[in-house]
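Letters A, B, C and D mark the chains as written, and numbering starts fresh at 1 in each.
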Amino acid sequence: MIPHMDLPVITETPPNIDWWLLAPLATVFAAGVLGVLFEAFVPKGRRRGIQIGLAVLALLAAFVLLVLQVGSLPADESGVTVAAGVLAVDRTVIFFQGTITVLALVSLLLISERRDGRDAFAAQAATVPGSEEERAHIMAGSQHTEVYPLVLFAVLGMLMFPASNDFLTMFIALEVMSLPLYLLCGLARRRRLFSQEAAVKYFLLGAFSSAFFLFGAAMVYGYAGSVNFGEIRLAVEAGGAEIFRGGDGEPLLLMGIGLVAIGLLFKVGAVPFHNWKPDVYQGAPTPITALMASCTLVAAFGALLRVFFVPFGGSAESWQPMLWVVAVLTMVVAAVIAVTQRDVKRLLAYSSVVHAGFVLTAVVAGSTDGLAGAMFYLAAYGFTTLGAFAVVTLVRTRDGGQELGDLDRWAGLGRRSPALAGALALFLLAFAGIPLTSGFIGKFAVFEAAVAAGATPLVVVGVLSSAVTAFFYVRIIVVMFFRDPEGEGPTVVRAGAATGGVIVIGVAATLLLGLYPGPVLDHLLPSSEAGSEPVAVMVDQASTETGAK
Amino acid sequence: MDPMNYIVLAALLFTIGAVGVLLRRNAIIVFMCVELMLNACNLAFVAFARMHGDIEGQVIAFFVMVVAAAEVVVGLAIIMQIFRTRRSASLDDANLLKY
Amino acid sequence: MAVTSHAYLAADPAVATAADSAVLSGAWLLIALPLAGAAILLLGGRHTDKWGHWLATALPVASFAWALLVLFDLLGRAPDARGVSVPVYQWFSVGGFEAGVDLLVDPLSISFVLLITFVGSLIHVYSVGYMAEDPGRRRFFAYLNLFVAAMLVLVLADNFVLLFLGWEGVGLASYLLIGFWQYKPSAAVAAKKAFLINRVGDMGLLIAIMIMFSALGAVSFSDVFAAVPGASDGVLLAIGLLLLLGACGKSAQLPLQAWLLDAMEGPTPVSALIHAATMVTAGVYLIVRAGPVFEGAPVAQTAVTVVGAATMLAGGIIASAKDDIKKSLAGSTMSQIGMMVLAAGLGPVGYVAAIAHLVTHGFFKAGLFLGAGSVMHAMNDGVNMRRYGGLARVMPVTFATFGLGYLAIIGFPLLSGWWTKESIISAAFGVGGTEGMVLGTAVIAGAGLTAFYMSRMVFMTFLGGKRWDEGVHPHESPVSMTAPMVVLAIGSVALGAFLTLGDRFAGFLAPATGAHPHHFDVAHAFTSPYGLAALGVMVVGVAAAWAVYLRKPVATTAPKGNLVTVAASRELYGNEINEGLLMRPGQALTGALLLIEDKVIDGAVNGLGAGVLDSSKGLGRAQTGFARTYALTMLFGAVVVAATLAVRL
Amino acid sequence: MIPWLTIAIALPAVGAALVWALPRTAAKASPARAARTAEAGGAAEAPAGGGGVATAVRPATTAAGGGSAETAKRITLGFSIATLLVVAAMALRFDTSRAASLQFEEVHPWIQRFGVHYAVGVDGIALVLILMSAVLVPLVVLAAWNEHDDRFDGGRGYFALILVLEAMMIGVFAATDVFLFYVFFEAMLIPVYFMIGRYGRGDGRSAAAVKFLLYSLAGGLVMLVSVIGVYVIGGSFLWTDLVGEGSALAAVDPATARWLFLGFFIAFAIKAPMWPVHTWLPSAAGASRPGTAVLLVGVLDKVGTYGMMRYCLELFPAAVSWFVWPVVGLSLVSIIYGAILAIGQNDMMRLVAYTSVSHFGFITLGIFALTAQGQAGAALYMVNHGFATGALFLIVGFLVARRGSSLISDYGGVQRVAPKLAGVFLVTGLAGLALPGLAPFVSEFLVFVGVYAFHPAPAVVAAVGVVLAALYILWMYQRTMNGPTKEGLTGLRDLSARETWAVAPLLALILVLGLYPQPVLDVINPAVERTVGIGSGTADAAADGGSEGASGTQEEEGDAE
């Protein structure tokens, strides 16, 4: 029977909302709203400091709350749903949210970094590039402190995305996450034309894809009679809502899966839904690129894993072939294209596409180990990629102006500033999956899951493509260390405390997760003791009332 | 009549929107096509809600409208910005970033 | 019968213990002494320049002395107890494969030891004078000592692996000594050539050892020979032929003869010791030592005799045409060793004859070489006999000694060569049948050739008119050089008789080489038809040489000559054949492989890389920068997704 | 009990950290100076820089080296010697009677989730290989002493990398956990990659480094699949759990076993290097400093052959028989092909590299002959080859240090001016052509005997390599050392004391192991018997009756003793 029929009753006894479990999201949300208010009421001069403080505090608080929540989760069952079943809270979700919060904090360091009083963002985005008033604004040293509230909202969306327990919430989370990012992409201080173009492309394609997602959600709703993941799971097992008991609902479900998949694969940037990534990564202000490359990817995969494992978990054999094809395409095509890239940010964009492909192999595995592998991979990759982008922000053209994207002009960096180049080299080796770095453990985790699930051919493709990727990572090292600097070579602006901190954190995480991943793997990640089916560790209550304790 | 027809209509609208995105150069119109796709989704939700005989789908439609509105705000801002810079709203003019 | 003839080899040899006799258990000193000399001189460096050569000379002498003690010790035993194996230490062993550093002291090996150490010592003495001015004298003596040590290992080894060690050791020593004047490119090339061709032979020996182990299950003489009766003919034949290949390499037998004449680039003492008296005879030793195997493989034996006969004649022909005195002697060496190999191929009958001739040849050939060396010394290192002549008066001692050696080698009755050559001839005919006839005749022909070219050499060098280059003032050599020549001359005269009369040597060797029916009868040697024939051809040979080279003056430059003489002087085109058959194809192959490596194997990899790059550029094109194209690709993606999902329907 | 292996691994690692931690005086060089040294360095890197180079290098080094470079070398030498002492002390405690079983075992859980342990231990083969590595490193350091023409850190980084590499080399031989082995196996590439690309010789060095890395990485990644497969099937990474009848891995069906075997084998074949995946070696050797080449060819490549014995054979006995003949075939090609190409080379470094291709052919041949002699010979060959080829590379290095070129055509008549150097060169060369009395002979001979017992044909074909070896060594020697002395070489220095000390120990080892190898064999044999047990059955299948019967009896006798 369908619980919604007696909706009026609920209005009399309002659903019990567990604020404690909602607290992290609420904190970030509140901070965002507060930030907007500050924009309105705090005088220009003081805004920046306050905004940064607010954002950092909010994220820290959120993280602490998340850590505390782990304790308060019922030990026996995998987790609970809150707010009338729209959000799920289980250990997987908390891991994703925790990772996102930390990564967001780190990238916030990058965002807040500024050199001789100028951060990475346009003085006044509304002004036309090269125009008089732009110059005036620059002179006046005006700046967009709205960046911080926007980041907070984006993070809010990211935190909701993997936690949503129905398609509507997920759609909203998707938009809450994306809309601020669309704007942030357009705010670069230098090369603003690139930045604006990136924003437009990201926005239109993003909207396009979310339309697909939504239509898919509609189809699923049509098939299952509900958008709640738990309900859908039951419906899939039952063969559809009772109007389809004839069993002719299958096409709807498949359409739904497909369209929803498109929306999510776009966000993770899987081939052939990846085109936006290189352009946007290159055009956006590097700190924002870092944010997207780390946090957004984690969030998007969190959602993707949830969708494929919980509501569609019952019909794995129907979507697995699709993911096989996409994964192969992603790993091969992106790796091959990347080989000839010249711009470091585009290169990193393609590399993130390839890594998305590797994670997809774990999704294909469709097992708890796969889930765990993907989670570890994403966390490890997030830190490494943040570090890499941090290094990118430091390498500038001779005139000290904009970042130097062209790799060929990085020659001799390794001899000029060994520490920086060494750090980048470490990150690249981690991307390439060399042992003793986190990248290797991650690769091993996902591939192990895939092989265990019988997807060995996929893994073979994976290792071959990672051999290809190794080629261009190694090429950067060659340029930095083995070539003599042409002329004066690039300048390296002194790393501010923030950027330096980011790099140090990146190095530390990369090495630590590579040398001693045990604690994370054993304690933070779901283990297959609970059951080889991922749903065993992901909450999937059908009833909307279980949020009540 | 068979409520399934509404679904077909929704699919039709969705397709028209998608094709529009592919064919039109003007950013504004492309964006409107996306809105059309969203509305197709709404129609589908409502129709299904009717078929299932509950109101969940209809509620969703309202949420979607709100989101769409928010999207319009952000979208127009971005498009305006690039329009002012380039004095053109044509998507094809904006291709500095490639290869 | 092979086994019975090698009675003590088949039975486990009496293992010498210290209690048994200190002399025997100390047999390793024979090797250790010269080896120590080499080590001291090489590691000691300049410090040893003063006294190094005297030390190096003293050590072989010491070895010789010890060898004498060993000899008497053996003589003091019952003939069948004269084969004593002296284990020193275990070299290496793996799962049933045993290779020990074990020495086998028996009549055969000890005769070689005596020859090597005695002649070796003399040559050391000679070299003291000969190399007096050479800056590298210390190195030279070190190499000589090294050679003596290696050669002793070769003959004393109790298993084929250790024998192989000595086998390649002498090869190395010969390489070093041929190339002693390495700054002369010709010397360097000759040295390399010698080592390479020897390596081909060594490969044969190596494979033979492999077969022994896997088919006969052992590599020590006694075990191998014990296993011979049970072994299949095929195995024995294979081993025999491969051993023959090894022997050919070391003893410069056809088809591996090409290196010996070039080896004359080395200092003359080297030619005397290594390329006349000792090393080149190792092949004969190997064949005799491995007698049981060959007796088990008649075909292999025939092959041996054929090779021997062919080389004997070829060597003689070459020797007859060379104007370079040392090369001519080298040809003669080939020829004589061919004779020994032939004899060794006859089985037990020939063994003693072969070894006896080997020993006497060691003396007179060494003497001849030393004589040649002293002549060259006198002629400012000129080697062209057409620039010699009439040296008899100037260098009486050299002439006398050389002459005695000459008479000995051409088989002048009652001199050393005569006895041993006669016994070979008789052994050859002793085989009987056509084979006997053919081989015997061949040997006699060879004797004739010997008479011819040796007389030619003597006439051109010592007799006739002076044809010296201007500025050459010949003189007799110092005592340190003449003394050894005298000693060797004495040997050339007397040794043959001493060994042969009363079958002394035969009796001594019998337990090692197998009892043999043949008894040497002097009278018979003079009366028997082949005895007379041998004398006849000798006379003819001398006469012919006299007619050409003494009766009318010798041209100072070689005449064009006819096909035969040209071919002979070109060493019967041996080098050309090697070049055409091996070198050029080899170079072509190398070039081809270099190309393949670059174009095919590396090319494949690089091609792969290029392919990736191209496809990368191609796929990169899809990134047009047009948002609408991206939307299109997404739609294409949607189609892919739909298709892959539709699989389910 | 003392964790010997861990100490041996940790010691060099600590040393490396120390060397890196040194204050860098080099970077502080004034720009003008840097520029000047830049030219000097550039000149030095040109391959045929000519005699002038040797002198041109000096100012560069003095400019950059600074005090720290000198101390760096001292520290490096000290730590490498200390490591050698530790390893030697361990070897003395090694119980030869139980050489077949692992000793000095340490097992600590590392990543529980994947059942990964930090597990080390050595059997006879691993022990001798570790010893070899520990011996080579100090000598390499000594030989590379004056090779720091690097103007940015005075070669300090180079010596640090050497120590890092040593730690990993010991680790890879000691690892008894497949995952740990893989970690070292892959991680080792990085230091070598930098040693070639950053501190190498010539313009081609970065290309060569990339080629090396990609080749090895590709192989390693293929192997990763097999490693995972082993874990998924075998349920553990501990070598001790995986081998033997009872293990889940032994029960796997032959088809799967073959795939897993192949995965491992490809990686090892690339590392070894085996024809046709050998082409990275000549370019890498040609572009690397002699010291690097020693460690690369002398030790790193051994990991390939060692892996074949330890992992391919013992983990997948079911698959072995299927691979025997293909591998034997490839080995033969490697032997002949490598030798012929060596003959055709004009660059000594490349020449020696090709000779190694040929020698590795012998090693793999011996391994897959699956007879006691063959495998013992192969194991011994690994050690001997390390010493012999190592010495050869070092001496070529001395020539390069003098003349700035490794081209044979740039030399001639060296013996006249530098007899000591020429003599040492000759002896090592003779070792290279396996002259009896020198170490390589014993191993090569054992391989021959073992292979013939397995089947005559390959043994006979391989025997041709003996002749070719003589040709490539002696011809190189003739062209460089013999003949009239080339002009420009007349001033050539003979071996310095330092250089003598760098090669003398190797020569001594070559001689001793050539005349009395039994002690080493006593350590190796029992370990080998394990794998022979695997092989013999398949050998029966492969080899024909006659020779097989003999070898069979031989093995029994061997066991009896």
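Here, a residue touches a chain if its C-beta (ideal position, glycine included) is under 8 Å from a C-beta of that chain, and two chains touch if they have at least 3 such contacts.
Chain by chain, the UniProt names read as follows: A = NADH-quinone oxidoreductase subunit N; B = NADH-quinone oxidoreductase subunit K; D = NADH-quinone oxidoreductase subunit M.
Computed from a predicted structure; not experimentally measured.
Enquirer: Going by the touch criterion at the top, tell me which pair is linked by more C-beta contacts: B-C or A-B.
Expert: Between the two chain pairs, A-B has more contacting C-beta pairs.
Enquirer: Where the centre means the average of the CA atoms, what chain is farthest from chain B?
Expert: C
Enquirer: Quick one: chain B and chain C, Cα centre-to-centre, how many Å?
Expert: Chain B and chain C have C-alpha centres separated by 97 Å.
Enquirer: So how far apart, in whole Å, are chain A and chain B when each is placed at the average of its C-alpha atoms?
Expert: Chain centroid spacing, chain A to chain B, equals 24 Å.
Enquirer: Once you find the CA centre of chain A and the CA centre of chain D, what distance in Å lies between them?
Expert: The computed centroid separation for chain A versus chain D comes out at 45 Å.
Enquirer: Averaging only over C-alpha atoms, locate the centres of chain B and chain D and give their separation in whole Å.
Expert: Going by mean C-alpha positions, chain B sits 65 Å from chain D.
Enquirer: Residues touching two or more other chains, restricted to chain B: which are they?
Expert: Residues 18, 21, 30, 91, 94-98 of chain B each touch two or more of the other chains.
Enquirer: Going by the contact rule already set, what residues in chain A reach two or more other chains?
Expert: 200-201, 204, 208, 212, 278-279, 471
Enquirer: Would you mind writing out the residues of chain B in touch with chain A in their complex?
Expert: 7, 10, 14, 17-18, 21, 27, 30-31, 34, 37-38, 40-41, 44-45, 47-49, 51-52, 54-57, 60, 63-64, 67, 70-71, 74-75, 77-79, 81-82, 84-86, 91, 94-98
Enquirer: Quick one: which bits of chain D touch chain C in the complex? Just the residue numbers, please.
Expert: 276, 279, 337, 340-341, 343-344, 371-373, 376-377, 413, 415-416, 419, 423, 430, 435-437, 441-442, 445-446, 448-450, 452-453, 456, 459-460, 463-464, 466-467, 470-471, 474-475, 478, 481-485, 515-518, 521, 525, 528-529, 532, 546-547, 550-551, 553-559, 561
Enquirer: Which positions of chain A touch chain C when the two form their complex?
Expert: Spelled out, the residues of chain A in touch with chain C are 200-201, 204-205, 208-209, 212, 250-251, 254, 257-259, 261-262, 265-266, 271-273, 275-276, 278-279, 317-319, 321-322, 324-326, 329, 333, 336-341, 468, 471.
Enquirer: Which residues of chain C touch chain D once you look at their complex with the stated criterion?
Expert: That would be residues 42, 89-97, 139, 161, 164-165, 167-169, 172, 175, 179, 182-185, 188-189, 192, 195-196, 199-200, 202-203, 206-207, 209-211, 213-215, 217, 589-591, 593-594, 597, 601-602, 605 of chain C.
Enquirer: Using the touch definition up top, name the residues of chain C that touch chain B in the complex.
Expert: Listed in rising order, the residues of chain C that touch chain B are 620-621, 623-628, 631-632, 635.
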